[in-house]
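Read through the structure below, which is laid out as structure tokens, and then see the notes.
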Amino acid sequence: MSTILTFLTRRRGHGGRWHWTDVASWVWLIGGTVLMFGPALWLISSSLKDPAQLAEFPPTLLPYVQQTAAVEGHDTPLPLFTVTMEDGSTRDLAQVRRIGANAQMVDPGDPDAQISVRIADRTPVRDVGIAHGNYTDPFLHFDFFVYLRNSVFVTFFATILTLFTNSMAAFALSKYRFRGRDAVLLVIVGTLMVPLSVILVPLYSVVSRVGLLDSLWGVILPTIATPTGVFLLRQYMLTIPDDLLEAARMDHASEWQIYWRIILPLTAPALAVLAIFSVVWRWNDFLWPLVVLSRRELYTLQIGLNTYAGELNVQWHYILSMTVVTMIPVVLVFVFLQRFITTGIAGAGVK
Amino acid sequence: MENEIAQVKATAAPEGSDRRLRRLRDRLGPLLRQVVLLPLVLISRAIDPVMRLIQAKAGTGGMIAVFLIPNMAIFGIFVIIPIILNFVYSFTGGAEILLDQRAWVGGQQYERLTDCQNYLDPLSCREDLFWRAAHNTFFFVLFQVSLMVSVSMITALILNRNMAGRGFFRAVFFFPVLLSPVVVGLIWRWILQREGLLNLIVTNFGAERVVWLNDRFYAFAAAIGVSTWAHMGFFTLILLAGLQAIPKDLYEAAEMDATPPARVFWRITLPLLGPNLAVVLVLALIRGVQIFDEAYVLTGGGPGTATMFMTQYIYEVGFASLLRNPGLAAAASILMGAVLVVLTLMQLGLSRRAEKARER
Amino acid sequence: MGSITLKDIRKSFGGVHVIHGVDLTIEKGELVVFVGPSGCGKSTLLRLIAGLDKPSSGAIEIDGRDVTRAGAADRGLAMVFQSYALYPHMTVRQNLSFGLENTRMPRSEIAARVADAARMLEIEELLERRPTQLSGGQRQRVAIGRAIVRDPTAFLLDEPLSNLDAELRGTMRAELSALHDRLATTMIYVTHDQVEAMTLADRIVVLRKGRVEQVDTPLNLYNRPANRFVAGFIGAPNMNFFPAVAEGGQAALPGGVQVAVAASGPVSFGIRPQHLRLAAPGEAGIPARVTLVEALGAETVLHARSDGDTDVLVVLEGQPELQRGQELALAFDVEHLHAFDAQGQRID
Amino acid sequence: MKKVFLGASVLALVAGTAAAQTQTPVRVMWYSDGVEGAVMADILSRFEAENPDINVILDNVAFQVIQEQLPVQLASGTGPDIARVTNLKAQADHWLDLRPYVADPAYWEANFGDRFDWMRPDGSDAIPGFMTQLTLVGGFANATLFEQAGIELPGPGASWDDWIEASRQVAEDQGLPAAFSIDRSGHRVAGPLAAYGETFIGDDGLPAPLSDDAMEFITRLVDWTGQGLMLPDTWVSAAGTTYRAAADDFTNALIPFYYSGSWQVANLSTKIGDAFDWVATGSPCGPVGCTGMAGGAGLVGIRYTQNPEAVARVMDYLASEEVVREFTERTLFLPAHAGIVAEGGLNFQSDDPNVPPALSRFVEASGETLPATDALPAWRWANSVYGALVTRISQAMAGELTLEQARALIDRDIADQVEAAR
């Protein structure tokens, strides 16, 4: 125990005193943890609430369900309330019906005597519980597995192709000198600044002209030549010594082999970072697939869950629950690969 | 003999009880790797002779083309051509969506956008919403980039200290980067709305409920805060990488010189962090100007038009509203792109000059 | 097998001339060392031979075949890089066999060659390790091994020992020498270290600013440097030079020593520190004042200044009693004196 | 290797669709506000069972797709075979004329004919489709809150001022944040504007400049927001034409009065449950009348379909009286079928005692609409007017514009739209 304590309270500097910066750092980090994770936890908790509870204020931290009691003489279980009686005492009563501002209540232990209570004097008895319908209904009505398959297909092929094409281009741009290289680089970096929503209409007409509308490849192809990827990989490849390439050339390796057998394996950390980002990006893509895909059997999860957004109403309970479901892979990536990602970016990001 | 045993013990000891597990992993690892890599190996066997042939025929120059073509072809079709088309769109008028049905109007859209009596007063402009969006975007970028860079810097400095759980906290701050912007906007709207979590907390402390997203100041601050929340982890990591690359002995030397910590930061850390800081600034700037999804979901541009940013304006005018005007949207995006390019070039130029100055 | 001929090789990088017309023939089985100060073009020349760079003009022949335009892989050469350039993601074995696999050699043959090379270099236990798990000397061996397995027409070695510490460098130098004797293959060895050059080379090529200054055996270079540059570059500590003016076949050194020389006008005389000695009483010598005494035990290095402000180095045997500020005269035998004309060319 | 994999996945896709190849495919693009997608899927599966030669594929999409993407598809001459659309008039050129294909055009004329002008170009006699539901804009009141505050619900003929005053008293008594709210939508305020005398359409059929009558109501609306009577969250907290509903604030009993429309009935029923009693109030009155706005979503055939006969068969089935009746009863929508309306006796499937009276109140209110509002659904420029109203009124509410500026900008925005489209 004490070792844990000393581990946790280990700080920089010498001697045993806490410097004010240590305190400030810990406050910052712990505050940051609450701020970073809190909202996601809130989303999960909200996704377990039924529609009525979602709209409720004050919101509860945890999802609750109304307690009911089976009362003799009534076919269905009745909702339970804690009622403040006129003498100030409180009793748990079941509600038979409500008429306007008054409720007909009954004591489950004494089902014959009905009591009239003002509704302001009663509060529902609730227990922590889950509105599992939020999760089960979409799985029944919503082509979850079709959407999942499409999302996986898009994510997988987009990532593979991104890695391939970007690394090849980055190789050419980092390890060869040729006329126009700087121009190509400038164009690539320049387009970093063009957000998709801005060229939506022209891009749509291009994709439509190429015949990729309503096709998963129409979602995949426009995303794979990412300037970010080329840039990231090129920066990393610049750090690979040219000696290795020359050694390989002396070793009878063709240029393709140099790329394939020397450069690619050595770029692995940067490729991993790009792969993870690509997976997250493609998995989360919303606007573009929404524009390209209009057939249900081609929908990705993000588009699928948006079908709960109607013209006049949004079915938040379903959207929230499906959002949580679509977050699972991302969270898994995070949990299992976070060390890889964080150190990878640190290593590959900027050199 | 005894020596050898001692050696074996010494190497085995730290592995402790999971030695068998590790041995299994050592044996399984390569096997797994071979299985995973098998398709790649097969692909390479198939591609290699073709590539050798190309290299023999076309030489190294040909190979450069082979490496560049897939990326550049896709890039050309799906990025460059749309950008060019967008440029063409900006010279056409009407509500039609497809280019071939649209009428050529020359510079009319640009005239309409830049028709202003006073550029600082959007209401005096022909296209007042465009200028409101421009103003909002300008202030957003100004505040958001400064906030994000400072917060990322503080976090990176703290994470660079030698303290327990560094890896964990590094991950914590990175987590939101993985969420989709739509989800980010949704979560925070859920928290900031009238019946949201924040008001629950506020009322628990006895304060009045505030309708955060109805207040110009709070809504704007929320847009800044939320986008900082969502992206700071990425920038923190870049800065952290830079911090860790600064040789430790510089700090030791500074300590020997009894340099006060603030001075160490300004005179050692910051200058040596220069390249990373430049990358962070450029990327943050680009992202700031492009702010869309999370802010759109969060505030919808309100209250009034207080958080309506450039990209939202373009998206709504050009695509989302029932009354679309693609030509106007295209012209607006071209103007925005021009500003971005100028800003980035200025930024790069400045940092390059600073770098040169330092080298001298 | 293994003769290399360079014909008027020139190389410029974007207007900067790096190699100005080099003609050179390397006989088969020879170990030739390119030596020169940094920036003299020795590495560039090696890369031109290797095929990693292409000369701007001139021709390269290997065994009489013109390979000027041939790629690096097609010249049958092997190279050891200064940085070793071992593939960090491959084991030693994979590093050694990579080049052979590229030539579609049968697996058994590859295995046999790798085993041979590993045995020869005593790196058999390291075969399954990766380069990062090796010490500097071990990496060096692997880099050489990678060249050996290829059984090349010639080895090209680019400052292969410069990353090693002094002791290891000595050992490796000896091993390389032994290796050359055993393999009897042509080797071109680039170094800026004249000791390496002297100890290893059959012939040394001294380069300066992209030009060949002299090509000869180590001892000839030492004994008969073709010009002042070579004289100053070869031999440690550096040769001392004294300016003089020749008139009527005679020139006077400081202290009035007259020397016969077949020239007239400004000349300079060089003498190696080892060839100077303290003048016997009455003997004519160059007067100098001691500025520093470095006693190394077996020998003593004397820094002195003659009149005319020329610094002089003297290597004396043993541990003579000398003090800073002491005035003395330095004597020498005339046959050790090298004379150079105003252009720095040797005068015999 | 990769090729094999690709090939396999292509094969799988082809195999998946091969079974459907012998059937005529009919694609329906559909969006849902509630359960109607599930109901429609159910009805269509019965249709398929009866018509094995037709394969109906129901694409349940987000409303955003209908609004943003379908127009682009239509412009390029593609799209589904049938779509559920709200923006009916502006895209009327793209709808298929079903007249030559349906079994009995007279049945269509008789039962849906009144609304054909909403969805066909002016002067055409086409049968483009039918309304899946009618909607009527109108108010809801939280009867329980009114009762607790001891305030009478304003009766029929009560004016907007009466309603806001009564709601204000309830809000004050019950400590509520605001008295009422209206959905953020131009369509929602068009009714009240008409009730104050606005007619929208000029003599030339083009939008007329905003009248003083309209400004009368807009002024009130902005004042009410300024005084905190109208919940600012809905209108102020968004920009542009973004749609925002205040339904959650009403279900959460934050406002005693909510002006929305008949489509909310099902939603309110599920979310409010037993928490309080609520009633539909119809539209409060202005000087000219007590009108709401009719509207709704239409199901239309798309001109670019390959199989107009199959489309017509699907449409015939869906428009048949019994299917419309079932759909209406299960979705709690207002029916758009003249025969059903005349016959009445709809058996709405809800246990909630608040639902039937609310629905009948809306049916009743649909007789109270003014000609000015009745003309709007069939008017090409209605969306331009709605968009300009929302954008500028909410800016005025947020204090970014004065009323005069807002008026000028509304007129200018509409003129720009007309200009751009000509």
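The letters A, B, C and D name the chains in turn, as written, and every chain counts its residues from 1.
Heads up, the rule we're going with is that a residue touches a chain if its C-beta (ideal position, glycine included) is under 8 Å from a C-beta of that chain, and two chains touch if they have at least 3 such contacts.
Keep in mind it's a predicted model, so treat the numbers as computed, not measured.
The interface carrying the most C-beta pairs in contact is the one between chains A-B.
Central chain (C-alpha centroid nearest the global protein C-alpha centroid): B. At the far end from chain B, in terms of centres built from Cα atoms, lies C. One simple way to say how far apart two chains are is to compare their mean CA positions; for chain A and chain B this gives 17 Å.
Once the centre of each chain is set as its mean CA position, chain C and chain D turn out to be 90 Å apart.
Centroid to centroid, with C-alpha atoms defining each point, chain A and chain C lie 63 Å apart. Note: centroid distance chain B to chain C, computed from Cα atoms, is 53 Å.
Looking at chain A, one finds that residues 55-57, 201, 205, 254, 257, 261 touch two or more other chains. In chain D, 67-68, 72, 76, 248, 252, 254 are the positions where the chain touches two or more neighbouring chains simultaneously.
Chain pairs that touch one another, listed by label: A-B, A-C, A-D, B-D. Listing the residues of chain D that touch chain A in their complex gives 9, 16, 27, 29, 31-34, 37-38, 57-70, 72-73, 76, 78, 80, 86, 143-144, 147-148, 243, 245, 247-248, 251-252, 254, 261, 263-264, 267, 270-275, 277, 297.
The touching residues of chain B, counted against chain D in their complex, run 39, 42-43, 46, 93-98, 101, 123, 128-129, 193-195, 209, 211, 213-214, 216, 219, 299-308, 312-313, 316, 319-325. The residues of chain D lying in touch with chain B in their complex are 1-2, 67-68, 71-72, 75-76, 87, 90, 177, 232-233, 236-242, 244, 248-249, 252, 254, 383-384, 387, 391, 394-395, 397-401, 405, 409, 417, 420-421.
Chain C contributes residues 47, 50-52, 71-73, 77-79, 81-83, 85-89, 98-99, 102-103, 146, 150 to its touches with chain A in the complex. By the touch rule above, chain A contacts chain B in their complex via residues 7-12, 21-22, 25, 28-29, 32-33, 35-37, 39-40, 42-43, 46, 55-59, 164-166, 168-169, 171-173, 176, 178, 184, 187-188, 190-195, 197-203, 205-207, 210, 221-222, 224-225, 227, 230, 254-257, 259-261, 280, 283-287, 302, 319-320, 323, 327, 330-331, 333-334, 338-339, 341-342, 345-347, 349-350.
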